[in-house]
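In the two complexes below, chain A is the common chain; its partner is chain B in one and chain C in the other.
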Partner chain A sequence: MLVYGLIGWTINLSMQDRHNARDSKGFVGLDNYTKLFTDDINDRFLHSLKNLLIFTAVFMIGTLVLGMIWALLLERGARAEGIFRTVYLFPMAVSFVASGVVWRWLMNPGQDDNSGGINAIFHGFGLDFLQNPWWTDPDWGMAAMAVPAIWQLAGYVMALFLAGFRGIPDELREAAAMDGATTYQLYRRVLFPQLTPTVLSAMIITGHMSMKMFDLIMSVSGAQWITEVPAVYVWQTLLTSDYAKAAAISVFLLIVVAIVVVPYLVNVNRAEKRSS
Partner chain B sequence: MTTLAPDVTRHAPPLLNKKKSRSPFSAGNIARHVLLIFFVLIVLMPLYVLIVTSFKSGREIGVNGQWTLPETWTLASWQKAWTALGPSFLRTFQLAIPVALISSFVGAANGFVLSRWRFPGADVVFTLILFGMFIPYQAVMIPLREVVQFIGLPSGIPTLTFVHVIYGIPICTLIFRNYYATTVPVELIEAGRVDGAGLLRTFRSLILPISVPGFVVTIIWQFTSSWNDYLFAIFLSNTRNGPITIALNALAGAQSPDYAASMAGALITSLPTLLVYVLLGRWFIGGLMAGAVKS
Partner chain C sequence: MRFTRSTAVAALAVAALFSASACSADETAAASKDVEVFTWWADGGEKAGLDGLVAQFGTSCADYKFVNGAVAGGAGTNAKAVLASRLQTNDPPSTFQAHAGAELSDYINAGQVEDISAEYATWGLTSAFPKGLIDNITVDGKIYSVPANIHRANVLWSNKTVTAKAGITKDADTLDGFIADLDKLKAGGVAAPLALGKDWTQVMLLEAVLISDLGADKFTGLWNGSTDWKGADVTASIEKFKKLLTYTNKDRDTLDWTDAEKSIMEGKAAYQLMGDWEAADLDAKGFKDYGYSVFPGNGSTFQWLADAFVLPKGAKNVDGTKCWLKTVGSAEGQKAFNSKKGSIPARTDVSSDGFPAYQQAAMADWKSAKQVPSCAHGAACSQGFQGAIVSAAGKFSSDGNVAALQAALAAVAAQFAGKK
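This part shows the complex of A and B:
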């Protein structure tokens, strides 16, 4: 409950005229919020929102696709399944700060003879057209930033999907086989529809993680304009002691998370009541 | 059962339920395994780079030759990294172990109460706790600093312990609630009541002893999340008294970072959580997997 008290405090702070280390100069209502959208230098807030959107889209689609592929490969049992599962999941145990160290190295922007990391592999295999400046690219840098995040969490999504597959009763598969369904039809018409709730949970989990993404971005690129997202912007604003503005951005993030998560939770709760 | 929290009750059956493929050498089956191994290589690629780079000497490190093995293997970077990270390494244990134990215990107590006692407004409280898992750190961190100052907690590890315990309660509560709701038979509690045990006593002598699987999951979860946290750490402590993620970032984030030392540092930083994951991961993966099944 303490946490909710603190949120109230932050909301209050976000409506104060308190832009330096001294006390608030009074209540200004929603001014701090409107200023974020209309009166921010270089439209910095809108820029960070756009970055967050790109990041979230790539991160979400990447983890879902990779997680689904892995789950499909493992779904009907494989030799040494436990080893594959452990390897795919292990990046989850590593902190973003530690993985940032190596990904900054792997996503080295140098190309051709100066290439390192992934670009060097592309160069070595004659796939030069795949080389790219990764996160230093002003347009697509944010998409590259999602690569390490996908590496870390695709395994988690795989685990969710695997559980989803194993939760489908065998009778359904047998019935489909009886009706002469091909493997493709079996997945398309019988199994995938059963996985909808799992996809939804995976999207909620990855989506809310991406809103909070801070560690990874700080350790790969540091606080740079190209890769700034609201979570990093909050931190930058705090460094200049602009408390009210930092609070306003934070509350905005919280509201976005709440808009997505609360209907989902209510839905889950209702479903639970029905089933019990 | 909710679909989000790891549910520890059903991990055994789905994991053990392997269906052997009928023909191990069919083309499809071989292709499947080739693909699986291909993905293993991709996932392990960063680990390989970390290890080889950390054993290289200064002059071997450049953008070229990132993928080659070191010509001469040296421990110099490991020594350098340990000098930079050692003190914070030990401090982080002082953070992560109490956090894991305390929040698990509080979570068990909360979860037990929520699973058995239908008090008015229980639904609202439950939804608030659920949402608690999703609240971004940013939404609380500014006032948090003032609260911590008000209580008078010294900067660094004690503060971070307090914060992570508070923040971990929602997820621990949820895990235990699901666990108790599905595994503890009502008869057990009733038998206790007949014998004259109150709520507290029931919890202590009947519930705690059978809660081990729940504790495994919450302890791993809380240990790794407090060990790996960076945002609260950088906000509420500093390199002198903070946890290892800050020290690592200081080592790796310098203007011209020593790549070999930062990679050795990244490995040192990840070792405890990886160890926990490898030793206890079997139960954890089971919990995570089963958590997604809607029953």
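This part shows the complex of A and C:
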């Protein structure tokens, strides 16, 4: 109840002419929203959306691919599975702030003699062409920013997939084996189709996490133009007392997250009703 | 039965409430002597400076009791967030720290701080502070804050060994001379002779270039709306700023000012533009081999920023707060604070005996120089103005688009400059 009240309050605020510490100068409807897209200095909001898009795409694909590979390896019966599971899952126990501080150092953009972190390793092995500016690259820097996030959540996605694999009844595998299916065919035709719901939930979870991404970015780069995403922009506008603008960005983010999450929730709800 | 039991519980709860409020009533009676001073000075030289002020407050305002309301962390961002919520709920501290100048305009516009110009006259501050400072902090004929200290923003720090090696014997006093020196250093093998950090430090450098090119008066006009950001002279300045960026380290966006300072200490860079808190920091880190000069071309312009205290509207202990503000403005208070914090007194009548060498030089300059405010530190512009400029500078650092930066700066100024 409190949550919905606050959402309502924020939506109301986002339609007010309230851009400093003083009280609102009146109701302006959707003006604050249209201004975000048409009248933001340096297209700051569009820039932050673009950053978010790159980040989300890389983060989602990265966690899905890595998580799937790890899950497959374990599913095929790697030795000491318990240890690997723990190792892969462990990063999730670390907070984004703590890992961000470490990755800030690992992704030091200095090169050659000035290099530190990963670039220093490349330089040390004579792989100089692999050195790169990481998140300070103006176009694709956000892809580098997604690397720590992938590191942190790929293990979780792996756990989801592993649970998915384990949830498939052995009879199906046996039946496929009886029919003479090769291993490739077994996965391609029998096991992967069963994992579709798992993929969907993994995408929803990583997707909405990436849209709210704030702590990781703040601890790697701090709040600055080059890595700005909407969540950081909200923080910046709030600090400068531009309440209406901060509220408008927050509501926009909420709507985007809702578009992604709500159909999923509805779907899950229906599925549960059907099965009961 | 059940009903009576719940009634009893409710009665108990009400009784507890009453006793709690009785307690707090007692506390308020006792608290009328408390002066809650809200700062983000929680450790290091800042805490030492605050302690110096508190000791002075103890002697000159023995009737009142200092209550430390410091909120640590985030270079003040945590404190500002807490302060904003307290002001909104009408629960202001007795006094709070803020940057003197335009950063206060948000509080002034919101009617959250009181005009104290009358006290300025009674406490003799009008004559003790230089006129340039008084002009910079006066809003519509009213003054709302008492500066506790002055920092200088436009100081160029250098590694003497590195500059000597490149054959630079004298500090440049024009931008062109400075660029010639940077070329010499580059030719001598210093790849990035000018150390630079991320966005706000880049804004400081841009401001210093603007002062050199436009002069003090036109520079001050940029912030109150009387100088046009679209002018050809601003374009020329931005071009020079862009040229200076080519002498800086490429990883500038990843560095805080202390990281950039490290490359000076290690001899990887020769110069860094930074405020005079760098002197205290270098001293604390045991690096002795540094030189300092006014940013080339700034002449006798002193770009200042100051920490100040205000009288919030609805403060609980107005007399105590005024006594605190009087202490902050007094010669003894300023000396106690600044000798420990590594800044200089805003008053010009404090003796410089006992201050370190850099501060003595700065105090002499403060008396004779022309004062201009700094936007990167909130003296020249409001928080929204500052945030938008810092963001625009961050973009320029990655794309180097002069026209886009100038258009953005003009748009920001149209939105904020001289606005109330």
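Simple rule for what comes next: the second predicted complex is superposed on the first by the 275 of 276 C-alpha atoms of A that agree within 3 Å, B and C clash if a C-alpha of one lies under 4 Å from a C-alpha of the other, contacts with A are read in each partner's own complex, and residues count from 1 in each chain.
Here is the rule we go by: a contact is a pair of C-beta atoms (placed from the backbone, for glycine too) under 8 Å apart; a residue touches a chain by one contact, two chains touch by 3 or more.
Keep in mind it's a predicted model, so treat the numbers as computed, not measured.
Asks: Once the structures are superposed on A, label A:H19 by its partner contacts, choosing first (chain B), second (chain C), both or neither.
Replies: After superposing on A, A:H19 lies in contact with chain C but is clear of chain B.
Asks: With both complexes overlaid on chain A, does A:Q236 touch chain B (first), chain C (second), both or neither?
Replies: After superposing on A, A:Q236 lies in contact with chain C but is clear of chain B.
Asks: Considering only the touch criterion stated at the top, classify A:P138 as touching first (chain B), second (chain C), both, or neither.
Replies: second
Asks: Who does A:I41 touch here: chain B (first), chain C (second), both, or neither?
Replies: second
Asks: Touching A:L30, do we find chain B (first), chain C (second), both, or neither?
Replies: neither
Asks: Looking at A:N108, would you say it contacts chain B, chain C, both, or neither? Reply first, second, both or neither.
Replies: The answer is both, since A:N108 touches chain B and chain C.
Asks: Using the superposition on chain A described above, determine whether A:A177 touches chain B (first), chain C (second), both, or neither.
Replies: neither
Asks: Which partner chains sit in contact with A:I226 here, chain B, chain C, both or neither? Use first/second/both/neither.
Replies: second
Asks: Where on chain A do the contacts with chain B and the contacts with chain C coincide?
Replies: Correct list for chain A: 104, 108, 110, 114, 222.
Asks: Looking at the complex, which residues from chain C come into contact with chain A?
Replies: Residues of chain C touching chain A: 77, 80-81, 84, 87, 106-107, 109-112, 198-199, 249-251, 253-254, 268, 382-384, 386-388, 390-395, 397-399, 404, 408, 411-412, 415.
Asks: Inside the complex, what are the residues of chain A that reach chain C?
Replies: Chain A reaches chain C through residues 19-22, 41-42, 44, 47, 104, 108-110, 114, 133, 136, 138, 221-222, 224-226, 228, 236-237, 239-242.
Asks: Mind listing the chain B positions that touch chain A in their complex?
Replies: 1-4, 14, 17-21, 24, 32-33, 35-36, 39-40, 43-46, 49-50, 53, 62-64, 66-67, 123, 126-128, 130-132, 134-144, 147, 166-167, 224, 227-231, 234-235, 245, 248-249, 252-253, 259, 262-263, 265-267, 269-270, 273-274, 276-278, 281-282, 285, 288-295
Asks: What residues on chain A touch chain B, complex-wise?
Replies: 1-4, 6-7, 9-10, 13, 69-70, 73-74, 76-79, 81-82, 84-106, 108, 110, 113-117, 120-121, 151, 155-156, 159-164, 166-167, 197-198, 200-202, 204-205, 208, 211-212, 214-215, 218-219, 222, 231, 234-235, 238, 243, 246-247, 249-251, 253-254, 257-258, 261-262, 265-266, 268-269, 271-272, 275
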